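Got a structure for you, written out below as structure tokens; questions coming shortly.
Think of it as A, B, C, D, E, F, G and H in the order they're written, each chain with its own count starting at 1.
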Amino acid sequence: MNYEDLGYAKVDHHRAKRTGEGEVVYGESKTPEQILGIASALANKGAKNILVTRLSQDKADILAKTLNIPFEYHASARIMVVLPDDSTPKYGKVVVACGGTSDIGVCEEAAITAETLGSHVERLYDVGVAGLHRLLHNLDVLEGANCVIAVAGMEGALASVIGGLADCPVVGVPTSVGYGASFGGLAALLAMLNSCASGVSVVNIDNGFGAGFIANRINRNAKSGI
Amino acid sequence: MNYEDLGYAKVDHHRAKRTGEGEVVYGESKTPEQILGIASALANKGAKNILVTRLSQDKADILAKTLNIPFEYHASARIMVVLPDDSTPKYGKVVVACGGTSDIGVCEEAAITAETLGSHVERLYDVGVAGLHRLLHNLDVLEGANCVIAVAGMEGALASVIGGLADCPVVGVPTSVGYGASFGGLAALLAMLNSCASGVSVVNIDNGFGAGFIANRINRNAKSGI
Amino acid sequence: MNYEDLGYAKVDHHRAKRTGEGEVVYGESKTPEQILGIASALANKGAKNILVTRLSQDKADILAKTLNIPFEYHASARIMVVLPDDSTPKYGKVVVACGGTSDIGVCEEAAITAETLGSHVERLYDVGVAGLHRLLHNLDVLEGANCVIAVAGMEGALASVIGGLADCPVVGVPTSVGYGASFGGLAALLAMLNSCASGVSVVNIDNGFGAGFIANRINRNAKSGI
Amino acid sequence: MNYEDLGYAKVDHHRAKRTGEGEVVYGESKTPEQILGIASALANKGAKNILVTRLSQDKADILAKTLNIPFEYHASARIMVVLPDDSTPKYGKVVVACGGTSDIGVCEEAAITAETLGSHVERLYDVGVAGLHRLLHNLDVLEGANCVIAVAGMEGALASVIGGLADCPVVGVPTSVGYGASFGGLAALLAMLNSCASGVSVVNIDNGFGAGFIANRINRNAKSGI
Amino acid sequence: MNYEDLGYAKVDHHRAKRTGEGEVVYGESKTPEQILGIASALANKGAKNILVTRLSQDKADILAKTLNIPFEYHASARIMVVLPDDSTPKYGKVVVACGGTSDIGVCEEAAITAETLGSHVERLYDVGVAGLHRLLHNLDVLEGANCVIAVAGMEGALASVIGGLADCPVVGVPTSVGYGASFGGLAALLAMLNSCASGVSVVNIDNGFGAGFIANRINRNAKSGI
Amino acid sequence: MNYEDLGYAKVDHHRAKRTGEGEVVYGESKTPEQILGIASALANKGAKNILVTRLSQDKADILAKTLNIPFEYHASARIMVVLPDDSTPKYGKVVVACGGTSDIGVCEEAAITAETLGSHVERLYDVGVAGLHRLLHNLDVLEGANCVIAVAGMEGALASVIGGLADCPVVGVPTSVGYGASFGGLAALLAMLNSCASGVSVVNIDNGFGAGFIANRINRNAKSGI
Amino acid sequence: MNYEDLGYAKVDHHRAKRTGEGEVVYGESKTPEQILGIASALANKGAKNILVTRLSQDKADILAKTLNIPFEYHASARIMVVLPDDSTPKYGKVVVACGGTSDIGVCEEAAITAETLGSHVERLYDVGVAGLHRLLHNLDVLEGANCVIAVAGMEGALASVIGGLADCPVVGVPTSVGYGASFGGLAALLAMLNSCASGVSVVNIDNGFGAGFIANRINRNAKSGI
Amino acid sequence: MNYEDLGYAKVDHHRAKRTGEGEVVYGESKTPEQILGIASALANKGAKNILVTRLSQDKADILAKTLNIPFEYHASARIMVVLPDDSTPKYGKVVVACGGTSDIGVCEEAAITAETLGSHVERLYDVGVAGLHRLLHNLDVLEGANCVIAVAGMEGALASVIGGLADCPVVGVPTSVGYGASFGGLAALLAMLNSCASGVSVVNIDNGFGAGFIANRINRNAKSGI
């Protein structure tokens, strides 16, 4: 049996073999006790770089007191990495770009995810389309990337603009930054789904983790990857 | 009494005095007979350049047979101008830009409206953000404009990009060009309402007429106007 | 290079040259430290009248302790003006009108923005359509305006009514005032987008800043402007 | 048993006794055969002024050939009245007002309904808020009314404006007249539901029948009614 | 001039003459100071029974300390009546019915409004359709009513059921009682708008005040009214 | 291998064993050729009573010419049964009830489905809540049922009313009957999902088939079933 | 008279006779006093196993102090059972399955409801489709079930997957677990309503109670039931 | 100047250099004349394998008569390839999978796009989750893929299920197959965006082209690619 039954969770020890990445713990609506239990079960089976996402500072503080194995907590990304292991060199290149300062939390979630999974990541922040020269001045950052993650709230135009400039897949991450008719990120989401540039696919609103995960899959398998 | 009662319509002869433009006939859901009646009433009071908007080719053909005063029909704009009068020179400068070939009908509605009301109009078509150099190559067209109308469907990013480049008011017109999650132009509408560039206001989906009308108001009152 | 890279922000020093207004700091989701850094960078380059919008009283209090250059905080507008400079006379005329007492915060955001950017502003508050005589009694306020900003929540009818009376562009600002089927301002937004009066364009829900910004652009370029 | 079972319908012969009006036949998705059957069943029980609503011209033509009892078809209202009986004088006063020519079909549905049920009706068409003086010039029509029906598409502001002027209940009927962000009448519906005037209640989009029915109930029971 | 300008408000002293009811103070987003100012201005002109709606207990407590004229506060209705005057006998009959215990707050808002404006009101609570016999057992309460207010959350079926039984106008009030796919009262709102019973009109979600206001208008003008 | 690969379809011959019912052919967007191929493959494996749903009269006519095995077409249900087999007696009792004549097509889809799968079905049509006595007069029909299917458009109140009366599971089927704010059946769908009666579950709008399928599952397994 | 009028509630003592289950107290928006009153009224009439749902820990603590009859509070299910009676053996089999740890609260609401009403329940938690082998490894749990309740948030795919495997009715419960484009459970709700598997019906978002109630109805009436 | 101005279009000859793929012609709302002009302009510059997407059979027939260079039309994919060039061998592996027969048109759009751009493509059709064994029986097809495109309508669960099994990026394509609460593909779109499996990104509803384009980008850059 390739999973472990904790009652409140069936930990999927088979996933690393099946898809290449270990199980990730979605921390949002789990108690610190549940997270501790699942992370420990994974660690006991030899997993490293265990990602716990959407973990608030509060829960992280509680966990920090009970976890007796090494971990790192990235506050702006709201990610804890249990048993972090940076010994192997990072491969390839993933770029994480965003429209504005307010999108940085989601960017960091994407960047830490991709880095923890093995990718080399470059950050390109605050290059929104209201001041296009800031992006155009940094086109060299896009060069050689195997995947670009475009993070933007409000009207989400950054994904389309980058999509028209890049020669690799672009993963758009709409964010909930905005107000009124942004409807919690819906405006940016719809914009990215309707991108007139052809190479853009989209993940859920504020889903930095998902974008980092996909970008790493593309990057680890790329010629210029590992 | 400053209106004329036709039963099915109360023709507003006072509007030109009140707002500076004569009454416009919204042709969409009126019968050719009703349009003929209203246009005739306006013409009888001395109006010129009477705009009949959203007039299909079919209705235009019927009207053409019964109207015994001069008119012009602009097919792609779906606008008829009754008693067209081009004798006065056009003033100022309005730019009508769009993202793609499919937006041209809405652009023409805006352009013909502004021209008929008195504005000098320049067209800048198919400069969508998927090929940004096409817009950047034409920045001189934007210079000196008193208003830019940015027409785009799909993700509507053009309004934001132009908004970040222009020094005059930008009127965004989302179009219903697109499919699926464009939801009939909703995606472009929300995008334009959430523009991260500050000088962008928005009109209804496919409302080229409204944009042309507003642009002319801005333009006719501008220093470099009449 | 015409921007300054602070890591969390790329401050656009080129914008004043490009569009005529300096960069504006959107304060909503930035930390006081980030706002301080960006405002300082702008001040160091000689900017004046630096607008910080959507700044809560709490953040303003924190900033007040660390900012060592002059500033003004407008509480109901939630705007801080850093290095305020009122030495030049205001030009033209912008009218800010609203339907009810509850809309005044958004009105002030629009008015302070336009005033700070250089416009002469007149306020016309609580003239909602439920007591039409209050507006009709003040029609002289609308005369001579280069732009009217119509602010209204609930059903947003004020924009249409003013649109039928004014001879200049009207910028509608739907507000989130209301409950139930107002859906956070959606009702007023849709109403204004569908205005039967022709001269109305619209900005995002509660976006007083955007309306003030656009009104100033129209006003500064108007014949009766500077 | 106070209903009659036709298999495809259980005709409610008890309704006139219970609510004061006989059963009404909703013609939209019924076949001419079904309509004929139901109308005949009602006629056989002595009903008069049988309303068949939402009856297209096509179906009306088919019915006309098979009905062997008197009827009238009102094309713009899409209503057929079977066994029409105008012998009793109309009571009270109901006003049906609308914003524009395109709303007249819905108005007529309301007016014919109220008239058939017994009310005296006055029509006030094309008094939309884009030309407010047309309504203000006709305020005397509103006087003495027991109910005003306000019919409007697009932004639906007419209901609020009349609501602020009338001293009797106002029933708002949003119409599907419009395009784009009118979303089939949703904009007008939300506007009327959020009316800042206190005396306005609302029926479904394009539901002229419902408004006429309610207005007649209010009117027949009013002091100045029958 | 028939209004009084307080700066933040233009108090409509003309409304009682125009529509028969004095101005009502919508307390939701006004400060206690603003409410005090407006109520005082109305009182100074001789108004009585001044309604202040959507007034939280907190604000009411603050107001209670500064108001030096008589008032009553109805907590579950969240209504304050300033200068209450019960000297004249109530007229006619209005019924306020609801589906469940959770709807009582909205019911009381309707009932207190109608009573304060002059109507005799009867309450019929917790007669939801899940136990139909509770309504059927109380049909006599509906008899002789000039208007029934049907208040319901969740699926809002009560309005339709009462609509099929009553012989007077029914005003439906959808409430935000529910969760999940009730979407804050949208489900009940749509249900009431689509009622298969003909005599039902609808007001905004949780708008007990509006329903009470309309019901009183119908009731005061009814034969069996004043 | 327990499926058959036709290229355009992988016919699931295992389903009867797995779930107790054979594969059903969803005819909506399949060509007659594809339907013929799948139905033939099923027939070749010995299946009987093969359901082809959402089959228009047009496609049925084409199929009728090429099918060389027995079939029945139920026009109002838009269902074809290939190799119909009525030899075994029907078990238990399922009631299919609806609000109005316009819902009968969806009812028949449910009824034919349940009958073809083996259930005894009783129909109770046009018992909508606008004339409640029609339902109350037929309460005996509900007695002894193992499942009631409640089909209704507009406000969908029938499901709640029956849910409050029945002692067996009620499956609600919202229909797209209605207009305006029915939004294609959304109003009825939301109403049924929010039913205040506890025993109601819901299927997709107009999904008579699904309701009939579920009802048969409940019925065939019931004590008073087979 | 088969109900008891407490003023704020009309307690339905007739329901057990009519539908087989006693009245259930929906605790969400009732005060502890109201709940106490209703529960006591039911207890006084001899009811046992009285369900109080959606009761927060806070209210439960208050109630615990005033209730002087036996009760149990199930914290994760937010259910209180007043006068619990476990003396009769549980019948049949209901399975409650969920996609992830975060759905367990809703599962428990369903499970406790069904158990309290008399059903034997088996739990199968954290078998979401991202690790399909966890479900496939437990197919034996589904065998012999008279009803399966499938609880899932996010994309809600579990209902379809189980629907394709089970031979009994499946009741889907979408949960509000998720973020962004989950829109409070809307994504899962729509997914379950559109299930390509035929035996799935759906209840409201997070409505564990409703699912447990329906499952018990199916189960108690099944051959392998009581 | 790296684009060619045709008036109605600015053909982007620079795109192949910038992003690696030539400009694609979106045929949906262009006239045959416009398509001919753009395709000819591209051909004149030496482009091959020119994709014209969303081209109806009707337009294709018209184009066929005027195009005097080789082309292929793929009817179910609605794609025309102008100057098709199959001389170079296909690289890597892309899998296109779908839930049902009705999704095949969208699948073919994806497959033809990826093939024309250079990818080796394998098709896996009709493996929807209602019969899970059909997918599980074909897991070997997924092995070695550099990208899997998962196409599904209705509840779109296929993307999540494949996402939990594959070790490469999965691009989800929701389709508009379904009815009622599928809301034109919205249900499947939301489901895929909320996938509980981590490697899934999403494109617009029915956007087979976009998915094929992205898959080819991933595939051509993969180790096992060209």
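One rule holds for everything that comes next: a residue touches a chain if its C-beta (ideal position, glycine included) is under 8 Å from a C-beta of that chain, and two chains touch if they have at least 3 such contacts.
Just so it is clear, the structure is predicted and the values come from calculations on it, not from any experiment.
Set against the C-alpha centre of subunit B, every other chain centre is closer than that of G. The mean-CA centres of subunit A and subunit H are about 26 angstrom from one another, to the nearest whole unit. Separation between the centroids of subunit C and subunit E, computed from CA atoms only, is 36 Å.
Each chain gets one centre point, the mean of its Cα atoms, and the points for subunit B and subunit E are 45 Å apart. Within subunit C, the positions touching two or more other chains are listed as 100, 130-131, 164-165, 180-182, 186, 189, 193-194, 198, 204.
Each chain pair that touches appears in this list: A-B, A-C, A-G, A-H, B-C, B-D, B-H, C-D, C-E, D-E, D-F, E-F, E-G, F-G, F-H, G-H. The touching residues of subunit E, counted against subunit F in their complex, run 99-100, 128-132, 154-157, 160-161, 163-165, 178, 180-183, 186-188, 190-198. Those residues of subunit B whose C-beta lies close enough to touch subunit H in the complex are 100-102, 104, 125-127, 130-131, 133-134, 137, 177, 179-182. Put simply, subunit G touches subunit F in their complex at residues 18-21, 24, 146, 164-169, 171, 189, 193-194, 198-204, 209-211, 213-214, 217-218, 221-225.
Those residues of subunit B that touch subunit D in the shared complex are 1-3, 7-10, 12, 14-15, 23, 26, 28-30, 34, 54, 174, 176, 184-186, 189, 204-207.
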